[in-house]
Amino acid sequence: MSSQNQNEGPPFKRVLIANRGEIALRVMRTAREMGIKTVAVYSDVDRHQLHVRRADHAVCIGGAAPSESYLRGDRILEVAKQTGADAIHPGYGFLSENANFAADCAAANVAFIGPSSEAIRLMGDKVEARRVAEKAGVPLVPGLKDEVPEEELPSAALGIGYPVMLKAAAGGGGKGIRIVRDESELLPAFRMAKAEAESAFGDGRVYLEKFVTKPRHVEIQIIADQHGNVTAWGERECSVQRRHQKLVEESPCSVLEPELRAEMEEASRRLARAVGYVGAGTVEYLYSEGRFYFLEMNTRLQVEHPITEERFRVDLVREMFRVCAGFEAAECTEPQGHSIEIRVNAEDPDTWFPSLGTIARQNVPGGPGVRLDSSLYRGFEVTPYYDSMLAKLIVHAQDRHSAIERAIRALQELRICGVTTSTGIAMRALQSEPFRSGDYDTSILETIDKRPPEDVVGHAALAAALTKYLRTEEVPVEKGAGAGSGLPAWTLVDRAARLGRRIR
Amino acid sequence: MKYFAHTTLGERCFEFRRDGRRILAVETLEDGSSRTFEVDLSPGSDGAVSLLVDGRNIDCLIERAGSSTVVQLLGERVVLEVEDERERAAAAVAGHKGGLGQLIEAAMPGVVVDIQCAEGDTVVAGSTIVILEAMKMQNPMHVEADGVVSKVHVEVGQAVSAGELLIEIDPPEESS
Amino acid sequence: MSSQNQNEGPPFKRVLIANRGEIALRVMRTAREMGIKTVAVYSDVDRHQLHVRRADHAVCIGGAAPSESYLRGDRILEVAKQTGADAIHPGYGFLSENANFAADCAAANVAFIGPSSEAIRLMGDKVEARRVAEKAGVPLVPGLKDEVPEEELPSAALGIGYPVMLKAAAGGGGKGIRIVRDESELLPAFRMAKAEAESAFGDGRVYLEKFVTKPRHVEIQIIADQHGNVTAWGERECSVQRRHQKLVEESPCSVLEPELRAEMEEASRRLARAVGYVGAGTVEYLYSEGRFYFLEMNTRLQVEHPITEERFRVDLVREMFRVCAGFEAAECTEPQGHSIEIRVNAEDPDTWFPSLGTIARQNVPGGPGVRLDSSLYRGFEVTPYYDSMLAKLIVHAQDRHSAIERAIRALQELRICGVTTSTGIAMRALQSEPFRSGDYDTSILETIDKRPPEDVVGHAALAAALTKYLRTEEVPVEKGAGAGSGLPAWTLVDRAARLGRRIR
Amino acid sequence: MKYFAHTTLGERCFEFRRDGRRILAVETLEDGSSRTFEVDLSPGSDGAVSLLVDGRNIDCLIERAGSSTVVQLLGERVVLEVEDERERAAAAVAGHKGGLGQLIEAAMPGVVVDIQCAEGDTVVAGSTIVILEAMKMQNPMHVEADGVVSKVHVEVGQAVSAGELLIEIDPPEESS
């Protein structure tokens, strides 16, 4: 493997970015720095989005609904041809894991910045992916693929190791699941589960699977080139989730031993090699008390890739362009310190509903160790058409403790007006005992106290009451020095957004 | 005049008095005693309000959202309602709170994917009544207080806009 | 030397920051992350400045003129006592190199986050500083302290090495200076210089000094603790200057050989030891074609410290707090990549006049490798009372080429409305051949073309003409999708700032 | 109607025509030929204007500063003046440019630290005439065109505010 060479020259002439929002900006920034011209595509409602305004060229490709624009692979390839783009970067979501689109790009002789169509197809089919993983020696959650007769159950459970889980074949959403902690509970539980499944679903088949206790989501970043090199760039822990959506990610994982990390990296490399992978990819695992189990492989750039970038000081988008153009993957650098990402989603922290509206103003954090990947601008409208993630706040510091303090400090500086965001709940997670100690799992958001601290509520009450006093009793307020504009001194920011009926 | 701030952690009561540039704030505590502090307010054209409370700094941003006030400070977002003495008196005359019906409205534009009640059903506070799909997410909408479904205005598969009335709920019979 | 220990706990309880603007924020950010409470002091006109709004406590100390507020050491110490601050961080400028104030802090038993009063005094006196440096074996620009008789001149000049400079003792501002390139020119030049000096200043004394060709400003960052450890953190090159004010800084210096760097670091350590230095300090040198000469030592945090922080991933403010509290200096880390800082000053790029006004809006850059240390907010007023530096943009990338591209990309994203800033001239410097090649010296800003590129001017002309067309012919413009507010679609941002008469 | 943009790199001349949502721009080049391109304009509430010129994106921010227009794009700041046909005609009637006197005004608040002329002095374009100290910097102010100092309104040591008249200069005698 060669190290990066600054004299390589731009690997492509012009790249079409088949995405929107922060990830389109992310890709454009690196493309611009590499001397690659950028082409933005946009839907009717996105004309003023930053990804359009920051591009060298921009072409409208259809209506607001993704199916009419960002998912229109045919239209996008046409634009690539028209504008002379020799590469397409799909970002994440939309067409990024669409094997057919990757194949179409190849057929049209436009480089798809990602793995081969075949690799996407294999990893996109969950059953197929598990099969390939098993064959490549990547550990899966132990379990039986078929129902076994009652008499074979105890030895099967022993083989898997307690606690085990009995799962109705026809079940879903947690229904029809029973946890068995030792052999004495096994047969009674099996019989009850069977009877329940029969009556609930009309299908009495019950499978045996390892019950993963205290599951943590830990994933490995890999980059593979066309010369057979597969490099692994450590892990990211993404266990702070709600509704299976990641909210806070960190790297490294605070409980991963170096030996196990090496094992996970090696397993990930084997999997990548098994499918002839080229590009950046992420292998997701369940980690549980010193063991790890394959979940799936994401054959694209991951939302949370910046925390890997900060620790390794690598530009993963640059590497994607490089390996796609045939350059050798960069040699892995020595990671440093600790990095945390906080996703800023437009959503109500209590209801987790999307929060729609117009961004009236924003204050962004700055200073040492703070990075903001944001699609926001004043006047930005949060619409129901697209993902509710508005921005990502990434911090890096010398150790985990400092990174947490820095993340809290940066969140204190960040303010977004016009919609409600998920940052309050991220603040709660960062300040919670389980997170601070590192001893947490994917249930963390269900277990912690989500209310703001009492002194903060008290100060808010005073500020709100005082503001109302000034408005109500119409005291002529002297303008604070440096306040600047001719606004009435106590003018409140009026919410353009209509808030849901919850707040009354 | 007294100002009452209703928060998730209870009610706070303040009175204010001008003293030149400064403002004196008097908070009445639960036990009837009170404490006074000096407040210095600096409102900015960037929407932020800096309060110095006896020299201690409270840097916040205040938005109104309907009848509520949203205060952002120290990375926290506090939603509360502030009422002054006159408003409280008016509300008391207008009648007792609670026992009124609820209107379940769409919190966002979306598609109704599930309706978990029918007209005449008794529903309990906190139960899911409708699921709206928006932004590729299933968003359950909950009942806020016990009651009886009096009218269902939508059906499954229907697209609704934000604020659209979905379901009407009457108060439970024994309390109306 | 110990490496940093996250279990140390906060080194101080509460720090008063005797400064304003971006450096006050910079110090506060680290203090907050370390768990140290912060006290801001402010002048009448600064009530709404971010350094006040981000502090835990804030106290007004007087009028707008620095002499009535930020230079009032007595008042500041009083506030420190009142608020229970056990430390004072002076930032840069104001009281940061005031030996008496440092002594007063010591007497009042408040930690001054900087070196001893004595070290400040020694390094603050230019003559004394040169004496100490010479004694410590730090090279000075060779020259004679007294006039020598004509007959000794040739051998003296040979000892110093050509080219040499003849300098009138009473001269100043470049007057009475003659450059001599070889011996044949020496005596005639000396006689003419003497005669000129006599007639111009009534003082015919002429000194001989080394003429430093292609001078570059290169400085070494050091941190010294109370246990005798002095660590050196590489160099910063600050040769992009106008009126002796730095505008763009980079690290490392692109022409410094490792051996010379080691020599400069060692010389700086010797100087620090010679004055019993404790804290962060910077030794400034003139670098010229493989040699370096002592200029002065700045006994405080330097404006451009972030480029060192980015390369070494060290928090210099944290280290200042630590060594001041008696902890051992952190061990020096291995530097990585290349970092560039651009100062954002409110000034007209043609006249270099300060540009006063109110910040109507700003767009800040983001994404990988970008840091912004800024005191700006919407409504911020640039007043004549204080320094015109509004913000610092810092980038880091894997190598110099990428860092330059990243700096350009970030400058393209940065927009400040309401005042004119120095970023246009920084852009010119970054894109100039001398800077790109690394072959430049302190004259770079005098030599490069400062006009914007032709295609940019053409696009600006089209945009401005089109906007006027829309205003003049009052075409009803459909609002761009996502434009958001109810503003008339083509409303221009009106400058609150009154521009000088130059632009007409 | 034609629009003339005066830039540091010469003059550009444009005409515009609406075509539904799109605008057609016709630029007249120096040799009298012209080129046409399609312009799509998106003005934003954040002050930015996005122009697509035949699909090529020009993302800029436009401010007015007196009679000048300031355009920020791609990290550059371009100051120019735009005049339409009517304005140009009006200016031509109003008389020839130049040959007028100059008023030297304080570009910023500050203190006058040096006056390098006296009434009656002949001054040449580009020479320093007054030095103002502001922000701890010495700021020299220059003469824009040759002339004769007719009035000095300030003295050394005097504090002046922005825009305050410092010195009046008449046109050189031979040309007035």
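By letter and in written order, the chains are A, B, C and D; residue numbering begins at 1 in each of them.
By definition in this document, contacts are C-beta pairs under 8 Å (C-beta built on N, C-alpha and C of every residue); 3 or more make two chains touch, one makes a residue touch a chain.
Bear in mind that the values here come from a model prediction, so they are computed numbers and not experimental data.
Student: Across the interfaces C-D and A-D, which one involves more C-beta pairs in contact?
Tutor: C-D
Student: With chain centres defined as C-alpha means, what is the inter-centre distance between chain A and chain B in Å?
Tutor: Centres of chain A and chain B (C-alpha means) sit 31 Å apart.
Student: Using Cα averages as centroids, what's the distance between chain A and chain D in whole Å?
Tutor: Taking the mean C-alpha position of each chain, the two centres sit 50 Å apart.
Student: With chain centres taken as the means of their Cα atoms, state the distance from chain A to chain C in Å.
Tutor: About 39 Å, centre to centre.
Student: Going by the touch rule set out above, which residues of chain C reach two or more other chains?
Tutor: 47-48, 54, 361, 363, 377-379, 412-413, 480-485
Student: Quick check: what residues of chain B touch more than one other chain, meaning two or more?
Tutor: 42, 44-48, 50
Student: Which of line, ring, star, complete and other names the graph you get from chains that touch?
Tutor: other
Student: Dump the list of chain pairs that touch, please.
Tutor: All touching pairs, sorted by chain label, are A-B, A-C, A-D, B-C, C-D.
Student: List the residues on chain A that touch chain B in their complex, please.
Tutor: 243, 348-349, 351-354, 356, 360-361, 363, 384-388, 408, 411-415, 417, 420-421, 423-424, 427, 451-454, 456-470, 472-473, 475, 477-485, 487, 489-495, 497-504
Student: Looking at the complex, which residues from chain C come into contact with chain B?
Tutor: 40, 47-48, 52-59, 83, 377-379
Student: Which residues of chain D touch chain A in the complex?
Tutor: Spelled out, the residues of chain D in touch with chain A are 42, 44-48, 50, 52, 55-57, 59.
Student: With touch defined as at the start, can you tell me which chain D residues reach chain C in the complex?
Tutor: Contact set of chain D toward chain C: 1, 3-5, 7-9, 12, 14, 16, 18, 21, 23, 25, 27, 39, 41-51, 53, 58, 60-80, 82, 84, 103-105, 107-110, 134-137, 139, 142, 162-163.
Student: Spell out the part of chain A that touches chain C in their complex, as residue ranges.
Tutor: It comes out as residues 4, 6, 25-26, 29-30, 32-35, 44-49, 54, 306, 309, 313, 315, 336-337, 358-359, 361, 363-364, 366-374, 377-381, 396-402, 405-406, 409, 412-413, 480-485.
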